[in-house]
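Everything on this sheet refers to the single structure shown next.
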Amino acid sequence: MIDAKRRTTPERGATVEMVEESAATGRVREIFDDIKWTKQIDFVPNFWKTLASHPPLLDDTWQRLKRVMAPGQLDARTKEMLAVAVSATNGCSYCINSHTAAAMKLGMTAEMYGELLEVVALFNATNTLADALQVRPDVFP
Amino acid sequence: MIDAKRRTTPERGATVEMVEESAATGRVREIFDDIKWTKQIDFVPNFWKTLASHPPLLDDTWQRLKRVMAPGQLDARTKEMLAVAVSATNGCSYCINSHTAAAMKLGMTAEMYGELLEVVALFNATNTLADALQVRPDVFP
Amino acid sequence: MIDAKRRTTPERGATVEMVEESAATGRVREIFDDIKWTKQIDFVPNFWKTLASHPPLLDDTWQRLKRVMAPGQLDARTKEMLAVAVSATNGCSYCINSHTAAAMKLGMTAEMYGELLEVVALFNATNTLADALQVRPDVFP
Amino acid sequence: MIDAKRRTTPERGATVEMVEESAATGRVREIFDDIKWTKQIDFVPNFWKTLASHPPLLDDTWQRLKRVMAPGQLDARTKEMLAVAVSATNGCSYCINSHTAAAMKLGMTAEMYGELLEVVALFNATNTLADALQVRPDVFP
Amino acid sequence: MIDAKRRTTPERGATVEMVEESAATGRVREIFDDIKWTKQIDFVPNFWKTLASHPPLLDDTWQRLKRVMAPGQLDARTKEMLAVAVSATNGCSYCINSHTAAAMKLGMTAEMYGELLEVVALFNATNTLADALQVRPDVFP
Amino acid sequence: MIDAKRRTTPERGATVEMVEESAATGRVREIFDDIKWTKQIDFVPNFWKTLASHPPLLDDTWQRLKRVMAPGQLDARTKEMLAVAVSATNGCSYCINSHTAAAMKLGMTAEMYGELLEVVALFNATNTLADALQVRPDVFP
């Protein structure tokens, strides 16, 4: 059964203990420093402190996120907006909050966000319609 | 029980009869014409021919899609890429095919598509991690 | 790796061998007969022939479905329409086809189906909006 | 990064500022009044106050919801029960709470709700089974 | 509309009233006792107290869970880990917490949990890639 | 609009061209060889030939999959069974087929598979029930 204290004690996440910055050593500390420097923030978000309970998962996830989210053919803001679209479709609260804020920090205006929401809502509706109606693939007439 | 002929007869979709262009009259014909003109294509995709079995649904869906997908603060290609991200997360085949092709037509290069896939795959992974670990909301340190 | 023949040989399902009616004996035969009698059809749908590869799963699933889908405070057609709503939201093709056909057999008209589709599409959109916007629970003003 | 104050300040939603009733003007005020009148309630639920941060999204969503949820071939209660089925399948807390309460207000009894839950749970199970087993479409024997 | 008191009054769940242990009689009490004895815990978790508002759903769900989760060809810990994988993929908080704790009680170590998370995250990513790319079924070369 | 030839021409996947083994050079060839050697198969599955259209995605995905799926505290078969549970919950056909076959190759018996299906079906049902009922977190009595 779930240990309720696990959820209510502030220094823990729900299913594992977070690694606080003051307790981070070695590779975990290096990654924590890299996260703060890369994101230009002065604290380590809970997602990363929680992943640190499994250092290989922290390392792999951070390296990939850092590489994938770097500007390329798509700019950083577009990538964050795609992250919001995925997170909203999956209903992941932490991720929605985190990436909406990140996209705003990168210049997503209220108008852009409104348009993003319209697109995301529309395709969650039409995806269901296409599935419900079992629409056959298009062939040339 | 399912009527297997319903699925295998070419002039039908899986759960309803499509309205073919030659059979379209009145409001449905107007919308079909608007779809072809707006998208600059010479046939009506099956999604719309299927929705035409319920004219109010065709009308409402097309008017909204036309409005939502028009360039605004976000350009048309970014909107189609968001549509691909949502459709891939939902696993809707018809929609994935349709919007990937539309994004390509609007200039999404192979490199952009590769980056889109990386972002979509990454956040489907991290969404699950954030949920699995029940990451607590960030508060200021 | 996947055995491609497994998918293309007609007498098999994709991941397990179906139990054909002619090969059914004992408890599986009893359930097959009960399915045909209860649904008033003259063949056993593939879903049940596939579940028969694991008789306890066939038995448990059929007994539950038979009990749950029987008319109660909700009539059988409403229950089938709820099944369509769930299956469309999950994008399960087999289930969508099967339960749409079943609902039609129980009297769901084209108009009712159109309204069902509108509701299902609407709430797949608004669910995403409520999640994306992280709408706070209502409290009395 | 996420702005934690954004989530904890009562007069805000998580990702945007809500428009309070006292601050609503013009078209937003008209829609707020229509929501209260149509639903016969004396406050505007947070979903709509949050959507009001993007007035075109508020307008489009409310007009569609009002049209779609009006009694037609399906009565209002059946439509709300379909909304519950979709929202539960998607795991959208706000929507589940809102539409369960709405269905109850429209006369869904505890017995009906229990049957609804049984159907929704059953098909979330069988959808997965049909997918897992890759059940082939039925053809006539 | 949602009744906010329903959500904030401690002796209620969000959409129905829970049946407290002290109020349980007859078949519900028998099941409550069986839950505590089977799980070797001294209280009835909220999931079961909530299901008790619909006794047939409580009875059916508990009997099936008890049968399905009993050790068979798969041991109890592996079954709980599968439950965590499903619950994380669906993003069900209560279920994630409950089954992660249960798996830990059955001996899932931090290392095993880390590996579980890696697998679950990986396949949520690759599932989306396979869908996005519409990968064709393998055939023998 | 979707290019129907894209879907029906055998040497293509649905949204990108696959890289055939005979056309693979450099890093892609190395990875293809590693896939065949690691999996002890004599052809490259379509998933990897499709990812090869974006070499960095192929490289990153394969390296991660190879590391994550290697036996650790969890054995290879348990990891494949977790992959089946995730893929079935997401309804990803290609992945379901591929990982069910892989688990069977690693010794998953029909009985184990039946138990896996029971667990996966059960928790897709109970996840929805816990969400629908908005079950409150457990606290110590």
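As written, the chains take the letters A, B, C, D, E and F, and residue 1 is the first residue of each chain.
FYI, a residue touches a chain if its C-beta (ideal position, glycine included) is under 8 Å from a C-beta of that chain, and two chains touch if they have at least 3 such contacts.
Quantities reported herein were computed from a predicted structural model and do not represent experimental measurements.
Asker: Determine whether subunit B and subunit C, two copies of the same sequence, contact each other through the same residue numbers or different ones, counting it as same when over half of the numbers at the interface appear on both sides.
Answerer: different
Asker: When contacts are scored as defined above, which chain pair ends up with more C-beta pairs, D-F or D-E?
Answerer: Pair with the higher count of C-beta contacts: D-F.
Asker: Could you please state the distance in Å, as a whole number, between where the Cα atoms of subunit A are centred and where those of subunit C are centred?
Answerer: That gives a centre separation of 33 Å.
Asker: Please compute the C-alpha centroid of subunit C, do the same for subunit E, then give the distance between them in whole Å.
Answerer: The mean C-alpha positions of subunit C and subunit E differ by 22 Å.
Asker: Between subunit B and subunit F, what is the separation of their C-alpha centroids in Å?
Answerer: From the centre of subunit B to the centre of subunit F is 25 Å.
Asker: Please list all residues of subunit F that touch 2 or more other chains.
Answerer: Counting only residues that touch two or more other chains, subunit F contributes 1-2, 7, 14-16, 43, 45, 57, 60-61, 64, 89-93, 96-98, 100, 117-118, 120-122, 124-129, 131-134, 137-138, 140.
Asker: Please give the residue numbers of subunit A that touch subunit E in the complex, ascending.
Answerer: 1-3, 6-7, 14-16, 53-54, 56-57, 60-61, 90-92
Asker: For the complex, give me every residue of subunit A touching subunit C.
Answerer: 84, 88-89, 91, 93, 96-97, 100, 117, 120-122, 124-129, 131-134
Asker: Give the list of subunit C residues in touch with subunit B in this complex.
Answerer: 39, 41, 43, 45, 91, 93, 96-98, 100-102, 105, 110, 113-114, 117-118, 121
Asker: Enumerate the contact residues on subunit E facing subunit F in the complex.
Answerer: 7, 13-16, 42-43, 45-47, 50-51, 57, 61, 64-65, 68-69, 72-74, 78-79, 81-83, 85-87, 89-90, 92-95, 97-99, 109, 111-112, 115-116, 118-120, 122-138, 140-141
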